[in-house]
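In the two assemblies presented below, chain A is common to both, partnered first by chain B and then by chain C.
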Partner chain A sequence: MTALSSASVSPRTVDLLWWLPRAAGLGLLAFLIFGPLANMLIWTVAERWYFPHALPIDYGFSYWGRVFAPRGNAVQSLVASISIALLTVVGSLALAVPAGYALARLKLPMRGVILLAFLVPQAFPNLPVYVNIARLFYEIGLNGTVTGVVLVHVTHGLVYAVWIATAAFAAVDRDLELAARNLGASALRAFADVTVPLAAPGLMASAIFVFLESLDEFTGSYFVGAPDVLTLPLLLYSAGAGGNYQVASITALLLLVPSIAFMLVVEKFLRADVLAKVGQ
Partner chain B sequence: MQRLLGPLLVTPALLVILVLFALPLAASVIGAFEVDGAAGLGNFTKAYRLYTQDIVFTALIVGLSALLVGLLSVAIGGYLTLGENPRAVALLRWLYRWPMFIPFIVVGQVLRTFLAKSGLFNTTLISLGLLDPMSATSYLDWRGIVAAFVWKQTPFVALMVSGAMASLDRSTIEAARNLGASRLRILVEIVVPQVTTTLLVGLVLSFVTMMSVLSVPLMINAQTPTMITADIAFRLNTYRDYGVANALGLISLAITGSVAWFYLRVNMRQAQ
Partner chain C sequence: MGDDSYLGLQGVDAGYGRTRVLQGIDLSIGKGEFVALLGSSGCGKTTLLRAIAGFALPERGVIRVGDRDVTRLPPDRRGMAMVFQSYALWPHMSVAGNIGYGLRLKGWKRPAIAARVAEIGALLGLDGLGGRRPAELSGGQRQRVALGRALAIDPDILLLDEPLSNLDARIRLSVRHEIRALQKRLGITTIHVTHDREEAMVMADRIVILDQGRIAQLGTPEAIYTRPESAFVAAFMGAENVVRLDVVSSGGRVDIAAGPLNRAASLRLDRPAPPSGPVEARFRSEQLQLRSLDDATTADVQGIELLGTIEVVVYPGGEWRHSVRIGGASVLVDAPEAIAPGTSVLVRVPVSGLFLFSAPTASPVGGSPASTDDTAPVREKLSA
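This part shows the complex of A and B:
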């Protein structure tokens, strides 16, 4: 018995036998990753679906019509979400580009501490912070306003913005700036015409990161924005809480598309040399 | 002027962190000890009386999730590093990252439909003959929350771990392989010990993230027992009770802090 298994089974057969557990493992993983996503996609086109039916009884797009109806909440919250995300990008970059340049190029006392300070909001459970921001905003009339939500998102997104901007500026070859200065360009001119264009892909990546973080942010918007400012994640939550799986799934799909698209293109914007400098 | 330019450019961004993060954090610590305008521990005794079960539940759920995330990340990273079938390695590399960029609120929604009684998980098991339709139940309790956390956090930690594994010196691995060591043994005895720091950093970051997620417990299981985050939201929305909400916030900070402290201690010991 033992002689048979050790002598007559060639390495090639062993290799072939490995296919079974390998395929089973990868198949299981694929099911666990894509199963939930497929379930959501089916819900977006399900008209009627209940236990014990494995698949919907009727298919159709009537919920899409309801979601995108002119007086529906979805269009309104899509507009709100995108405007908040764009304002957040503008705000974060306006703060992060000067800060990133200073952290990458200029003499700064306690540079490491400053870089770490931007990470702190990510390193604490931020719920207690949002609770107290909401309380503060309530007193000064910023609760339930777009400005209030944008401020919260800017704080949250600043770590990505500053860290990636710092890495992007650090990856720019300093000799090119010096060459421009030698040819008579002013410091500002060299910055605008040489440094910024070279750092642009990295800055673009940080802008996209901040945009997505804002688009997907739930907790801060829930405390500071709701119910006056209705972003897509808040709409998804209230549709789901109301038991409307179709509207919740369509909203989830709307939020999913930009995230997946970014995952597929992220390597184009975040070059390895910039990525290697993040956090340094 | 030159010396002032740097600090001048950083100050606005730092001010935002100070005003919109550090001050509210300080306010939450102070508010936790404030009862009707006077200093006291009333909020903590109330939080302890009402939510002890939820506090333990939260620590167990997040701990279990972190453990599973760690095991799966090592398994994925290990296969990517030691796998001998290039096609399977490429497929796994393409496959495992998908949930990483999916927002938590969407993760909550997709897993709620997937793990419901009539969800695709149960119906697939039923159609494969692995589950009796009569005994199908919903998984939307602690299991659902753990599943959502593990689903979303594993790619992030696996990415860090596999990156660290890829930059290891291959010669010891090849030497062990030539001496006939199995791949599992190489993973456990040679590869994992060298990436412990990266693995722990990833797990601590995941732990903090999971402690502060509100959407997943709200969407998957907001009944008792539930997580501290859902209790904080409930305290505020129902009673506008900032005192107990802040006390619960401080308790979750303390749980995270003890994990961070544990990590720092392990790190210090390794550095010595």
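This part shows the complex of A and C:
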């Protein structure tokens, strides 16, 4: 900078010169993020598109019709995906609410170890774990069932559910519960009237995380569910593997919409005081 | 209190985990009485209140209400209501929802709850605030809502955990009297935890002074102020001036030989005299006589006369406050007229304001609790 200004270049020019790399950097970043997304969006409305052409040759919605046709599997797998995700949320919260409350309130020995234990399903390579789970589930008849897939998703989602629920309960001042007990509320009543409403935003956020994780989960669903239980990611995989980019893109878009919508909601629900307590 | 004891504690020990906070607390409180638990932070006063409320189970001992043993009863079945230091108002409920919650738990009908909430609101000056959330209230209003929530269920015992400490100083003074007047009118047995001596004195029928988990002294404000039983209580009640003396006591009489710091004196005490030997003489800075040595007349009042030099004089309002160096210690003396620093003076402590406690033997002669912080600027001590 000093070298530039001593060469009698006005500060204004220097500013302009600095704008160029900055704009280029930001543009590249935007392209890296939105480029693939734009590509996917274009594919959803492309009828014909091959190599030398930078853009599709024909546009149209015929593939949308095919995806949503009765024998197109999309509606069916959308329903399967959402039901599995909802069941996963119910299952995870049923475990995470009592576990999170206990971890937040009780002075447990090895609390840190317990919290870390929920991370174990994520810590190991997914593939060998799910292959073995599939083998086990096959023996007890859970392979290819919705229950089996939900169980796999629950173990996977539990780390988010328990960690966020623990943080949400820890953020509720103990005196607020004691005040309710003091005025005559039983432990359960105080929990329902005071703790749950105050922890609700955090619990909501943990439910959304689990929902999105389940909606996106592929490896476990593939080994445990396929081909009897067909979720959206599995449909996306077979469409993509079959070279049908239109169907794959439409399916990907279906997956993307709830993710983005819920992320905006989560951002509203997860307050800073809860976030600060995650993993503590 | 004997037979008319309403709330009784016998040999209560309590603590958190391995640390014992309370040791062998015996306390008996009459129906309708206002008792203040007074002590510095960490003395166990809040732990005691929480043990009574049922939030912490005592490790040993018995807690009774009337003829009911409540030691192991959960907090919701004790018929007590507490006002928390943080107020602990539920942020997701309105003011009316907070006040009416206890009644909802009792299964009252909606109109009856509304009527009671309105009644409490009128009593505490909360009219028109029923629909607000706690976050929309001022500190004083929140404190009233917390009190109203506790009073709404018409509790047998009201527990107050430093409810005034979060209010600013001016409101605090008037709220003291309001709470006291309300308590008298409703006749609720009340236990009030505080670290503010004046607050305890003004509000309570009786004061319990706690020191390191034990009851240091129990009595009416006047008894504790005028007849402290230990050096700790005397210091807590404002007798922070300390001078070391050697006494010879016989019967109710205490003789002090003349020394470099004091003239000879022979006192007749109206309270038990300490045994012969080194004593800690404690007194407040008020009601002393301060004379320049030149024009000091002989005393016609009973008391001790200390010799010292004026170090600093300041005017905090009312009387002039002098810091007087007596040997290794310095004491604070209030007098109507200022005496210039450097003057040799005579401090006369009347026997009514003099508290003698046998001194711990280990400490060196002339060294006193007050002199240990001699390095602190004198001016700072004066403003304390």
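The working rule: the second predicted complex is superposed on the first by the 270 of 280 C-alpha atoms of A that agree within 3 Å, B and C clash if a C-alpha of one lies under 4 Å from a C-alpha of the other, contacts with A are read in each partner's own complex, and residues count from 1 in each chain.
As a working rule, a residue touches a chain if its C-beta (ideal position, glycine included) is under 8 Å from a C-beta of that chain, and two chains touch if they have at least 3 such contacts.
Bear in mind that the values here come from a model prediction, so they are computed numbers and not experimental data.
**Q** So if we stack both complexes on chain A, do chain B and chain C clash, or do they fit?
**A** With chain A as the common anchor, chain B and chain C both fit in the superposed model.
**Q** Taking the superposition on A as described, I'd like to know which of chain B and chain C A:Leu256 touches: first, second, both or neither.
**A** first
**Q** May I ask you to name which of chain B and chain C touches more residues of chain A?
**A** Residues of chain A touched, chain B against chain C: more for B.
**Q** Taking the superposition as given, does A:Asn182 touch the first partner, chain B, the second, chain C, both, or neither?
**A** The answer is second: A:Asn182 touches chain C but not chain B.
**Q** Touching A:Val194 in the superposition: chain B (first), chain C (second), both, neither?
**A** Second partner only.
**Q** Is A:Leu151 touching the first partner chain B, the second partner chain C, both, or neither of them?
**A** first
**Q** Under the stated touch criterion, which partner chain does A:Val172 make contact with: chain B (first), chain C (second), both, or neither?
**A** After superposition on chain A, A:Val172 lies in contact with neither partner.
**Q** Using the superposed model, determine the angle chain B, chain A, chain C defined by their C-alpha centres, to the nearest 10 degrees.
**A** In the superposed model, the angle at chain A is 100 degrees.
**Q** Could you state the shortest Cα distance, in Å, between chain B and chain C after the structures are superposed?
**A** Least C-alpha distance after superposition: 11 Å.
**Q** From the superposed pair, tell me which chain A residues show up as contacts to chain B and also as contacts to chain C.
**A** In chain A, residues 107 are touched by chain B and also by chain C.
**Q** Mind pulling up the chain C residues that touch chain A in the complex?
**A** Contact set of chain C toward chain A: 17, 53-55, 74-77, 80-82, 84, 86, 88-92, 101-102, 105-106, 149-150, 153.
**Q** Give every residue of chain A touching chain C within the complex, in rising order.
**A** 107, 173, 175-176, 178-187, 189, 193-194, 197-198
**Q** Mind pulling up the chain B residues that touch chain A in the complex?
**A** Chain B residues touching chain A: 2-3, 5-10, 12-14, 16-17, 20-25, 27-28, 31, 85, 88, 91-92, 95-106, 108-114, 117-121, 123-124, 126-127, 133, 136, 151, 205, 208, 211-215, 218-219, 229, 232-233, 236, 242, 245-246, 249-250, 252-253, 256, 260.
**Q** Using the touch definition from the top, list the residues of chain A that touch chain B in their complex.
**A** Those in contact with chain B are residues 18, 22, 26, 29-40, 42-43, 49-55, 95-96, 98-99, 101-103, 106-109, 114, 117-118, 120-136, 151-152, 154-155, 158, 162, 212, 215-216, 218-219, 222-223, 233, 236-237, 240-241, 245, 248-249, 252, 255-256, 259-260, 262-263.
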